[in-house]
Each structure stands twice: as C-alpha cells, then as structure tokens.
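First chain A sits with chain B, and in the next complex the same chain sits with chain C.
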Partner chain A sequence: MIEIKDVKKNFGRKKVLKGVSFTAEKGEITCLIGINGVGKTTILNAITALTPIQSGEILIDGEKLHKGSYEKIMFIPDAITMLPSMRIADAMEFMNDFYDCWNEARAKELLQFFKLKESDRISDLSKGNTAKVNLLLGLALDVDYLLMDEPFSGIDIFSREQIADVFTSHLIEERGVIITTHEINDIEHLIDKVVLIDEGVVLKEFRTEEIRENEGKSVVDVMREVYQK
Partner chain B sequence: MNRYIKLVNFEMNRIAKLYVVLLAVTFVSQVVGVIYFSKHFLKQVNEAMTGNPQNRQEVIESMSPLSFDQVTETLLFVGPILISITAVAFYIFIIWYRDWLGKNTFVYRLLMLPTARINVFFAKLTTILLMTFGLVAFQLMLLPFEMKIMQWIVPKDLRIDASINAVLDRFVELRIIFPESFIEFILHYGLGTIIVAIVFTFILFERSFRWKGIIFGFVYGFIAFMLLFSPVLLNELVLNSYLYPSEIVLLEVVAGIIVMACTVWMSHYLLTKKIRV
Partner chain C sequence: MKLNFNNRDPVYVQVIRHFKEQIATGLLEPGQEIPSRRELANQLKINPNTAQRAYKEMEEQGLIYTERNLPSRITKDEKVLSIVREELILQAVNSFVSSVQSINVPLEEVIELVRANYEQASEEVRGQDDRN
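Moving on, here comes the complex of A and B:
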C-alpha cells in the first residue's frame, strides 16, 4: 500500500499541497482528479522523491522510499523519459541494463500490443506512440506500483482506446496504480478509487463501486457535486 | 558499482559524437598547421636563396632553423586545444542541464534508477575526467607524429629536433595539461577534479532551489574555494611565507580531500533530499 500522510509542499510562497492524505492499495486503480495546477503531478513526483516535501510522510509498503524502491514503484510521467535520439530497442536495452525487475518477455508483448517497432527512433514517433513507449517502459517492469501522469493527454482517440485496454489486461492486474487524468470517461469503468483534489487538499475520497451501487452516481456526477458546490 | 560503470558507459556514449569531432578537429587542424608552417618556412628559405643559390649555408646561418615549439605557438596548433578546453568547460554544464531541458525529461529516468543517486554525480564527473584524459592522451600521441611530419618536410640542416619534453618545457601553458611529475599530475588534475565537483554542486544547488540556488551555489563555491586555497592564502597573507613548499603541497592535499568530501556529501544531500525535476 502507498500511504500519503499529511503531505505539505510549497513552491516559493505558493502552498501547492496543504496536508494531502490518502492511500492507494495494491491491485487497485486509484485516480487523482482535479483541475490543472492543483498538485496532482506534484503528489506523484513527491511519492517518487522527484520533488522534496515540506512535511508529512510517504510510505510504500510501510517503508520510506529508498534506492531499492525503484524496483518496486515506477512513475510514468506525461513526457518521454528517454533520449529522443534513442531507438525503442536502445531504450529497452537501457531498462534491461539498469533494472533487475525488467521483464523482457512482457516488453516484447507490449511492443506487439501497441504495434510499435523496436527500430523506431523516439524522436520520430507521434505523440500517441511516444506515450505508448513511455507506458511500455514502465509496464515492462515487474513493479508493484505504477504511477501514471496524464497517460491520455493530447493523444488521438484510437491511441487512447489502446492505452485504456492496458488497464483491463493482465499487464496491470495485481499492481497498484495511481493515475491522474482529465479524460475520466475513458477509464471511469476501470477505476476502483477516486481522490478529488482542489487547491492542495483532498476534497473527497471514495470508492467508485460504492457510489455506483449505493447512490447510483457516476464519478463525473460526484465531481460535479463537489467542484460546483 | 556495476550500475555506476553502466552509467559511465552510457554517458560516454552520449558524448561519443562530440568527442570524435573534437579529436578530428585537433588532428586535422594541427597536422595541417604543421604542414603549412613547415612549407611556409621552406618557402621563406627558398626565397632567401633566390639569386644566391650557391650559398645555402649562408642563408641557413642568417635564418633561425625551424623548431617544433615554433609550430606549437601557431593558431592552428593552439586553436583546437582551446576549442577542446572550451568544449569540456561547456560540457561540465551541459552534462547536467541537457537532462532537464529540452523535449525529453531524461532526469526522471536518471533519478529513478535503482541505484544511489550519487552514482549519477560520480558517473558524470568520471565522464568529464575521461573526456579530458582522452583528449590529453590523444594530444600526447599526436605530438611525435606531428614532429615526424615536420622532419619529413624540413631538411635536417634547416630544423632543430627536440624531445617532446623539451617542447612542453618551452610552452608553459601546455605544462598545465601535461604535468612534468606525478606530484604535479596529482595537483593539477586533483585540483581540476575538485573544481569540476564544486561546479557540479553549484548546478545541483540551482536545480534544487532555482534562483535562490544560484546564490547558495555561489556562497558554497566561495567557501569551498577559500578552504581549498586556505594553505596558500594563509602562508602568503598571515604567515609571511613561513611554510616550506612541500608543507604547502601537503596542506593543499589535505584541504583538497576535505573540500572534495564536503562537496560529495553536499551533492549527495541535494540529490536525495532537495532535487526537483
């Protein structure tokens, strides 16, 4: 389980996170929702120690993040994390060199799943295919948790569908996923838990199944209620 | 250790193209320089002999024979060395900033590698050192070849042959790059390594705190340099040259080790606790 406990973060005088707390379970998809600039990406960066926090605590399976944690948790940002000059094969080789948890067989499977070619150079890829490579490099790691920042951002509908298919496949099951997205309709049916964030605080945290079954509402309905209050 | 070596290998591959260009520019420029200068000298000799072809000895005596250290003072020879030094100096910054800036965000990948983040620092430092040593070694290998070219073009009675050491002795600036003794090597390159490490720490301050980091970086750099050169400064300004040179060298080595240790510790702290993407 990933536990975020009362995390505060400032950028200069601006308080971006004002005591955010929530948990994300293994085997579940947790979606962070909020308008631009509310601190969703900052939370993901903080979980992976890519930005320091002012106070609070972040635990991954009860432990603070350390160098070995990157064999357990992987962040897939919305921009490519490999050199544009690399071919997909080079990027895969890089991952294989550095990560013990790299699963070459799954990487090959993902290549086919996304219809990508190993010989393609990253700089030559479309935005959709770049997002797929980014996803491939994260998903091919045998990690317990995946953090995804806007995986559907700025890409065409077919690529979005293809990426959304990943969430229903065996490529995700058993893993804990924290995802941020504005394209909630694409994955609403796949999400287990939603954390609504605004102005650096968690406004509401709920399980989608509960609100669907008990209140007959969709995630978007709850969002409207909370944000338009 | 294994991942550190892989990182060094990766960083070296990233500069391979630039590196080959630097080596090629050095080779072409210096060889062309040697050929041009030798031919130009021969032309001058021939012009002096025009109208007086019988008295070759007289002409030789009236003109100073060509020595290789004259060639080393030409722009075509010094130019590529200066270009290489400038390239390495720029690369000290580029090696960090290219991972943050531009289209890619490779810094995410570097900081999320399952290895101590200080290995990224050491790998980049090692790359700069290997790059420098490689260029120096290439220059050292090139020197006898260039001397041979001069010997092929200029007849024996019109030139002075000198050893590489003698050439380096006459060109003081080259002596910094090619130290005379092991102690000098340790001092020159040790000092160079510490300065590069301090600049790296400055960059990490900037990457951690942005504008404020520049001020922190300058303050850290100033303190580090003061500490680094404190034996020399104290000896000159306070002790009225009381210490023997060997004692200053020893104190400099101790100061260097302290500054390097502090710099590595500070960089480790910044990389693990303060850095942001």
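Moving on, here comes the complex of A and C:
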C-alpha cells in the first residue's frame, strides 16, 4: 500500500499541496482526478521523491522512501523521456542497463500487445504509438507500483482503448497502479478508487463500486457534486 | 463480447445480470465452462477485481460452481436455472407493464397487441431459420 499522509509542498510562495492524504492499494487502480494544474503530477513526483516535500509522510508498504524503493515503484511521465533518434530496441536496452528489475520477456509481450516494432525509431512514431512505447518501458519493469501521469491524454481513441486494455490484462498482474487524469469517461469501469483533488487538497476519496452500489451515482455524478458546488 | 455498462449500477451487478440473460436465452448452457476471472475482465473491459466480485456472488447464488482448481462452470441445478428464467421474465414483464400503464391502455387491448406482435415476431424468427 502507498500511504500519503498530510503532504505539503510549496513552489516558492505558491502552496501546491496543502496537506494531501490518501491511500492506494496493491492490486488496485487508483485514479487521481482534478482539473489541470491542481498538483496531481506533483503528488506522483513526491511519491518517487523526484520532488522534495515540506512536510508530511509517504509510506510504501509501511516504509519510508529509501534507495530500495526505486526497485519497487516506477513513475511513468506523460511524455517519453527517450531521445527521438533512438529505435524502440535502443530504448529497451537503455532501460535494461539502467534497472535491475527490467523484465525482457514482459517487454516483448508488451511489444506484441501494442503491435509495435522494435526497429521503429521513436521520432517516426505517431502520438499514440509514442505513448504506448512510453508505457511499455515502465510496465516492463518488475515493480510493485506504477505511477502513470495522464496515460490517456492527447492520443487517438484506438490508442486509448488499447492502453485501457492493459489494465484488464494479465500484464498489470497484482500490481498497484495510480493514474492521473482529467478525463474519466473511457475508464470509469476500470478503476477501483477515485481521489478528487482541487487546489492542492483532496476533496473526496471513494471506491467506485461502493458509490454506485450505495448511492446509485456514477463517478461523473460525484465529480459534478464536488467540483460544481 | 462487449457490454454496454451503465455508469450508475455497480459493474458486478451488471455482469451478473449479463450472465443470467445468457443462461436464460441458452447462450450459456448448464455445465458449460466459463472464462477465468482475468479473461472475463479482458473480454468485458472491466476491472479484474470487479470480475472477481461478480464470480464470488454468482458462486454464492449457486449460478456457477468450481471444482478444485478447474475452470468454473454454469450450474446444472434445474431449480436455480428455472429461478433465473422466472426472474428475467418477471423483470421484462414488469418494465413492460409499467411503460404501458403510463399510457393508460386497457389490459384487453394490450393483450391483443402483445399476442399479434408475439406471433409476428415468432414467424419472422422462423422465416430466418428457414433461410439459413
């Protein structure tokens, strides 16, 4: 489990996170939702210690972040960080050199799953395929938790569907996933939990099946209530 | 298999309804093997935990059974199967009645319309079968 406890973060005088708390379980998909610029990416960065926090606590399986945490948890940014001149195979090799937990067999399976060719250059790929390569490089790692920043943003509908398919496939296994998004329509049935964020605070945290069962509301219904109050 | 889920009912409830419909229409036969939880999640594009929940409920309701580590199967229990059928018929009739009632049609007229419509639809189905 990932536990975020009262995390505060400032950029200069601007308070970006004003005491954020929530949890994300292993084997579940937790979705951080917020209209843009409310600190979603900052939260993911804080979990992997890519950005220092002013106060609060982040625990991974009950432990504070330490060096070993990086073999447990992977942050997948919203844009690919590999050089455009690289072929997909080069990018995979780079990851293999960099991470002990690179799983070549799963990487190969993901190539097939996404119908990508290893010999293709990143600069030649469509937006959708670039997003898939970006995801592949993170998903192929044997980590327990995957943090994905806007995996569905700015790509075509078929690529979105293909990426959504990963979440229902064996490729995700029993891992814990946190994704950020500002659009929920494609994935309402895929996620276990929703954390609604605005202006650096958590407005509501709920389980999707429970809100449907107990209140007969869709995720969008709840968003309307919370954001348009 | 792609289901159009609505967003306000629990997904596991909708999955169970889907199975009941398939059982009642004979698309799923008694004793027939059903997909694993993971396969079902993949086919229906739903969360694997939700597929798990749906199977657990169906197991408790006696709709499916699992022997040791073998794949789960549709029940052969006649009693359970007939309850499923009755339940679906009743649901369909209830929704039909409530929509017809709201237009204030006399029962006799409705029954006559239902009879004519039902016979016509059956003939069309038979016609299709002959052509195939």
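The rule we apply is simple: the second predicted complex is superposed on the first by the 229 of 229 C-alpha atoms of A that agree within 3 Å, B and C clash if a C-alpha of one lies under 4 Å from a C-alpha of the other, contacts with A are read in each partner's own complex, and residues count from 1 in each chain.
The working rule: contacts are C-beta pairs under 8 Å (C-beta built on N, C-alpha and C of every residue); 3 or more make two chains touch, one makes a residue touch a chain.
From a predicted model like this one, the values you see are computed outputs, not experimental measurements.
K.L.:
Quick check on the superposition: with chain A as the shared anchor, is it clash or fit for chain B versus chain C?
P.N.:
fit
K.L.:
Of the two partner chains, chain B (first) and chain C (second), which one does A:45 touch, if any: first, second, both, or neither?
P.N.:
After superposition on chain A, A:45 lies in contact with chain B alone.
K.L.:
Does the superposition put A:120 against chain B (first), chain C (second), both, or neither?
P.N.:
It touches nothing on chain B or chain C.
K.L.:
Quick check on the superposed pair: does A:94 touch chain B, chain C, both, or neither? Answer first, second, both or neither.
P.N.:
Once the two structures are laid over each other on A, A:94 reaches chain B alone.
K.L.:
In the superposed arrangement, does A:183 touch chain B (first), chain C (second), both or neither?
P.N.:
Neither partner.
K.L.:
So, A:61: does it touch chain B (first), chain C (second), both, or neither?
P.N.:
A:61: touches no partner chain.
K.L.:
Per the contact definition in the header, classify A:71: touching chain B only (first), chain C only (second), both, or neither.
P.N.:
Only chain B; A:71 stays clear of chain C.
K.L.:
Look at A:221 in the shared chain and tell me whether it touches chain B only, chain C only, both, or neither; answer first, second, both or neither.
P.N.:
After superposition on chain A, A:221 lies in contact with chain C alone.
K.L.:
Tell me which partner A:199 touches in the superposition: chain B (first), chain C (second), both or neither.
P.N.:
A:199 sits against neither chain B nor chain C.
K.L.:
I want to verify one number: the closest Cα approach of chain B to chain C after the superposition, in Å.
P.N.:
29
K.L.:
Can you list the chain B residues touching chain A in their complex?
P.N.:
Result: residues 3, 6, 10, 14, 103-106, 108-109, 111-117, 208, 272-277 of chain B touch chain A.
K.L.:
Under the definition above, what is the set of chain A residues touching chain B in their complex?
P.N.:
45, 48-52, 67-71, 74-75, 77, 79-84, 94, 97-100, 123
K.L.:
Which of the residues in chain C come into contact with chain A in the complex?
P.N.:
Those residues of chain C that touch chain A are 5, 7-13, 38, 41-42, 44-50, 53.
K.L.:
Give the list of chain A residues in touch with chain C in this complex.
P.N.:
Per the stated touch rule, the residues are 27-29, 164-165, 167-170, 172, 188-192, 208-209, 212-213, 216-221.
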